[in-house]
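Here it is, the structure in full.
Lettered A, B, C and D in written order, each chain numbered from 1.
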Amino acid sequence: MKRIGIFTSGGDAPGMNACIRAAVRTAIYHDMEVFGIKYGYDGMIKGDIFPMDSHSVSNIVQKSGTKLKSARSKDFQTKKGRERAYYQLTRFGIEGLIAIGGDGTFTGAKVFFEEFNLPVIGVPGTIDNDLFGTDNTIGFDTAVNTALQAIDKIRDTADSHDRVFFIEVMGRDSGYIAIQSGIGGGAELVMVPETETTITEVISTLKKGWTRQKTSSIIVIAEGDEAGNAVEIAEKVKSQIKEKDFRVSILGHIQRGGAPTAHDRILASRLGVGAVEGLREGKKNVMVGIINNQLTFTSLEESITKQKPLNPDLIRMVDILSI
Amino acid sequence: MKRIGIFTSGGDAPGMNACIRAAVRTAIYHDMEVFGIKYGYDGMIKGDIFPMDSHSVSNIVQKSGTKLKSARSKDFQTKKGRERAYYQLTRFGIEGLIAIGGDGTFTGAKVFFEEFNLPVIGVPGTIDNDLFGTDNTIGFDTAVNTALQAIDKIRDTADSHDRVFFIEVMGRDSGYIAIQSGIGGGAELVMVPETETTITEVISTLKKGWTRQKTSSIIVIAEGDEAGNAVEIAEKVKSQIKEKDFRVSILGHIQRGGAPTAHDRILASRLGVGAVEGLREGKKNVMVGIINNQLTFTSLEESITKQKPLNPDLIRMVDILSI
Amino acid sequence: MKRIGIFTSGGDAPGMNACIRAAVRTAIYHDMEVFGIKYGYDGMIKGDIFPMDSHSVSNIVQKSGTKLKSARSKDFQTKKGRERAYYQLTRFGIEGLIAIGGDGTFTGAKVFFEEFNLPVIGVPGTIDNDLFGTDNTIGFDTAVNTALQAIDKIRDTADSHDRVFFIEVMGRDSGYIAIQSGIGGGAELVMVPETETTITEVISTLKKGWTRQKTSSIIVIAEGDEAGNAVEIAEKVKSQIKEKDFRVSILGHIQRGGAPTAHDRILASRLGVGAVEGLREGKKNVMVGIINNQLTFTSLEESITKQKPLNPDLIRMVDILSI
Amino acid sequence: MKRIGIFTSGGDAPGMNACIRAAVRTAIYHDMEVFGIKYGYDGMIKGDIFPMDSHSVSNIVQKSGTKLKSARSKDFQTKKGRERAYYQLTRFGIEGLIAIGGDGTFTGAKVFFEEFNLPVIGVPGTIDNDLFGTDNTIGFDTAVNTALQAIDKIRDTADSHDRVFFIEVMGRDSGYIAIQSGIGGGAELVMVPETETTITEVISTLKKGWTRQKTSSIIVIAEGDEAGNAVEIAEKVKSQIKEKDFRVSILGHIQRGGAPTAHDRILASRLGVGAVEGLREGKKNVMVGIINNQLTFTSLEESITKQKPLNPDLIRMVDILSI
């Protein structure tokens, strides 16, 4: 393989730039040529493709967002769109693809591979950490630390006013950010989509804390929790407990930004190296990941469809630590 | 004056602890005794009052929130409540008060002084910076920097997706946080209660930017803006521009927390020293502030009622810099 | 086991407090009593021992340093000192010990166990990450991120002046902090005790970079590197290259402080839970660690004597990524 | 005036980019053309000059360092060098200059103006804050906060080990960073070039603290202190006090980097606007500054030669607050 293309797609995640940098330099190291494709599948269809050299990825290892930009593409969901995309890639002589993104990105990559047999390796880049085939996705550690720093800030003010805070973090289908930032932030309770928590349990946890001298409390809620979002849950609790002061904070998009942590830069770099070397070795239609500190390849199919469960140790710990 | 009391009241602000520390140590330096009053006026009424020594304020200069806690007090709004508070203070032999807080705190302090003639000095502690008689209030600089760091994070993701972000910052009646974080964050537009901005102007600013290669835009909105909150403004804009991706982020309570900046620690320390030395010199019924780097005293009356206007240079600058 | 003691010893590491908190609460959860021992072995000998309850570890999960303090103890190196320590522990009815620290701490714990047969479990707390039996030690991730943020700051100024910076990070016998912060920081070269790098290689790496448009360069050096410390290495390079501007920065003790990262808080919490539950289950003379995301117990003997090698993938990556 | 040039010179300071951005956009706003001059006077001589538009300063408001780079120039110290520089400027039709830097920069600017009568306005950009004619220089607030955050980190570890830390901050001739970070960091003592502190006083301050339950102490030293640098001072103290643990930390170049604070971005923006509008209004041979929140112009002569004294209130406060 002599010429590869690289793109990012779906929601951006801190560390994507470190991964692009690693992939570009690894390709050059192995005497391959690299082309950047801007705006994901949309740019692929439009031919927004340009050659990258070592210098073009200088000074981006510390930057969040993605230098290659990201966009949704309705056209790529059509056969015609994908044909156009394939035509553009052949026009540039691209023989292999590196697709950095989440499950939407990989779904597209899989269909594209099946139709045109162009080798593609996916790299897991999403703050949600909801992909099977890797212990962590790029951006997850940074998002958790951003959420944690916000919780640290809120704890100070909660404590000064003896308040209860409901803090909503990202995670539409998964409680990874919630459980980690909740444990790290010393939350009294963490509500995640993976387990059911009733309003009765929320109230009982709060009351237990108050009997033990706790004057303020923090409840971390994943945005996708089955009991509702933070505002809804707060309303329900408030309607049953009158004498306390409740507040809601939705952390929102700050969780997508910020200089990536060391962990995310290193993970992203390893996966960028791994993706390029994987393509060279003939791997295709797979996602590169790191499990137990070892580089691994999982079929795109599995990476999307298999469930990665929350660590039950962590769920159990919330109970113990909020005593 | 041999014995003084100190308390915090109203919304907490980063730097309040640095101020408490400075006041306590200055009192000791001048051979006075200091009593901490917990939970503001509420604790005053309940007699939640305790002696403080130099060691009791160790290692708090860097902490946000308030060690003395804060609370609302309905009882203090009644004559009977204030009589009870005065009784408690006399019981502890307290001859002067330092009240750290915002306009609500000072309104209470003023009434209390008028009724019982107990010397009181107010210290401006509120992130909103909306008090007359001081260039900056304690906590304002930290809140601005917290908002700014959030905007920096959001800019990365906005830029990756070519999005428009409406970011709501704190400031119910004043645009101080909005204007400073907006200029610092390179916002295209800042919407503050002090000036009127129509939806038409918002749209025209956005369009002007797009014609000049700007792919992403940030609009900072003070929560008290007359055009509505960030969600409402975003809806109105969205209804007129279909082809763009809009997002809203409400920064919320993180703006009240976080280790105070150097500026806030030094301001808080100077005001804490100034308040104690002011009481010693016989000042009363005033707020201590710093104007043009000089310690000044303004009557509580004026500090609450007079308007502190936004710097017009800053408002004009937003226009120039977003070119 | 009904009553346990806990202490920290050796250099402090961010996350030690989170570990103390987790251990105390887990003990209470299992109806055990916990005693804190201040100043490590020194306090053990002096009987500086006090009961801890759930509230005594409130609001410390986010604080670096150690609430239990740390100190060196010459007396504990004598038989007589250890006998005195044992006497104190029995006086308080302590039946098991949790020792948080590094290899010095564990060497003491091992000897103590052999002499008095008091069950002890070590918890790896050191920023150096040089203990066998756990993927990461408490404090390591925070130290790496602190070093990385410093490198990010230095890169900006290096780049503005086209300078070469030699940055010395902690790690007397191990290059863990250096290799991770170096990769994360986009260093041109990382010098660690585990591998030999000659001055000739340093110069050749620098020159290679300059031929590829690199105007500034960063070389990260572990303090224990065999080629000397950062000042010495810089001098040697300077003597051979006249036309460039070189600077040295020794990051020093900031690497021991700062709010622990999410990773360190969670690791510390898991190990704190694991240590207490290990004692309950009869484990002794072992260190608790996490390998491949699984709680594991390694004999204290092995944890001290066995070498934990640097990941060779990381060493190789420095070369590729600095192309 | 239709065409101006802008450059940075001397040590870089966070906020220089925000200033460049503001100047460029203000010029465009007033229908002027702007040329960037790279590497300060050196680039001026070499003709390293290029046109800048609004887009060329996008997304730099938050970046430290200087996009225009900085360098020393020996050639500019010769008449011949300056003639060459003038020739290059005329070649590009440049009618006015904005020089961002410190006293070295302004010394050059003044000579150049006297020789060629080309209007020049200086903008104070240096972390040291040692320029007369402005309350603060660009970069100072950021440097203080960086130093403060480092001191916060060190305090945690100092406290865990009951240690004394000597922390050296930048400031060759001035104690501005030292006094502000020292007060903000709760230092027991601050040593600055402006006032004399003997080793006897250092020891007496330390001993006083120990008698008052202080277990750890922090002494902040400006690098230019007359008593020596941190290592020398520590040695002298150590030789007289045996029983304590002393450590030295030299913060170094991290103080030059990091995203500028809100204060520095706004100051830099105001000064950038002010410099361009000053040139338009015919100002020349002056430095633009902000005193008491008002834009002011001071002759370059005065800005370099007059002394800006430390605020005596601050010096006095260190004593009171370390009680």
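The rule we apply is simple: contacts are C-beta pairs under 8 Å (C-beta built on N, C-alpha and C of every residue); 3 or more make two chains touch, one makes a residue touch a chain.
Source: prediction; values computed, not measured.
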Checklist entry - Quick one: which chains contact chain A and chain B both? => result none
Checklist outcome for this item: So the chain most remote from chain B by C-alpha centre is C
Checklist entry - In terms of residue numbering, is the interface formed by chain C and chain D classified as same (over half shared) or different (under half shared)? => result same
Checklist entry - Which whole number of Å gives the spacing of the CA centres of chain A and chain D? => result 39
Next on the checklist: Please tell me the distance, in whole Å, between the geometric centres of chain C and chain D computed from their C-alpha atoms.
Outcome noted: 35
Checklist entry - Taking each chain's centre as the mean position of its Cα atoms, how many Å separate chain B from chain D? => result 28
Checklist entry - On chain D, where are the residues touching two or more other chains? => result 152, 155, 159
Checklist entry - Touch graph of the chains shown: is it line, ring, star, complete or other? => result ring
Item to check | Chains touching one another, given as label pairs in label order | outcome: A-B, A-C, B-D, C-D
Checklist outcome for this item: Interface with chain C, chain D side, in the complex: residues 8, 12, 14, 63-66, 69-71, 146, 150, 152-157, 159-162, 165, 247-254, 256-258
Checklist entry - Quick one: in the complex, what on chain C touches chain A? => result 21-22, 25-26, 28-29, 54-55, 58-59, 61-62, 135, 141, 144-145, 148-149, 152, 155, 159, 180-181, 183-186, 212-214, 259, 261-263, 265-266, 269-270, 273, 292-293, 295, 311, 313-314, 317, 320-323
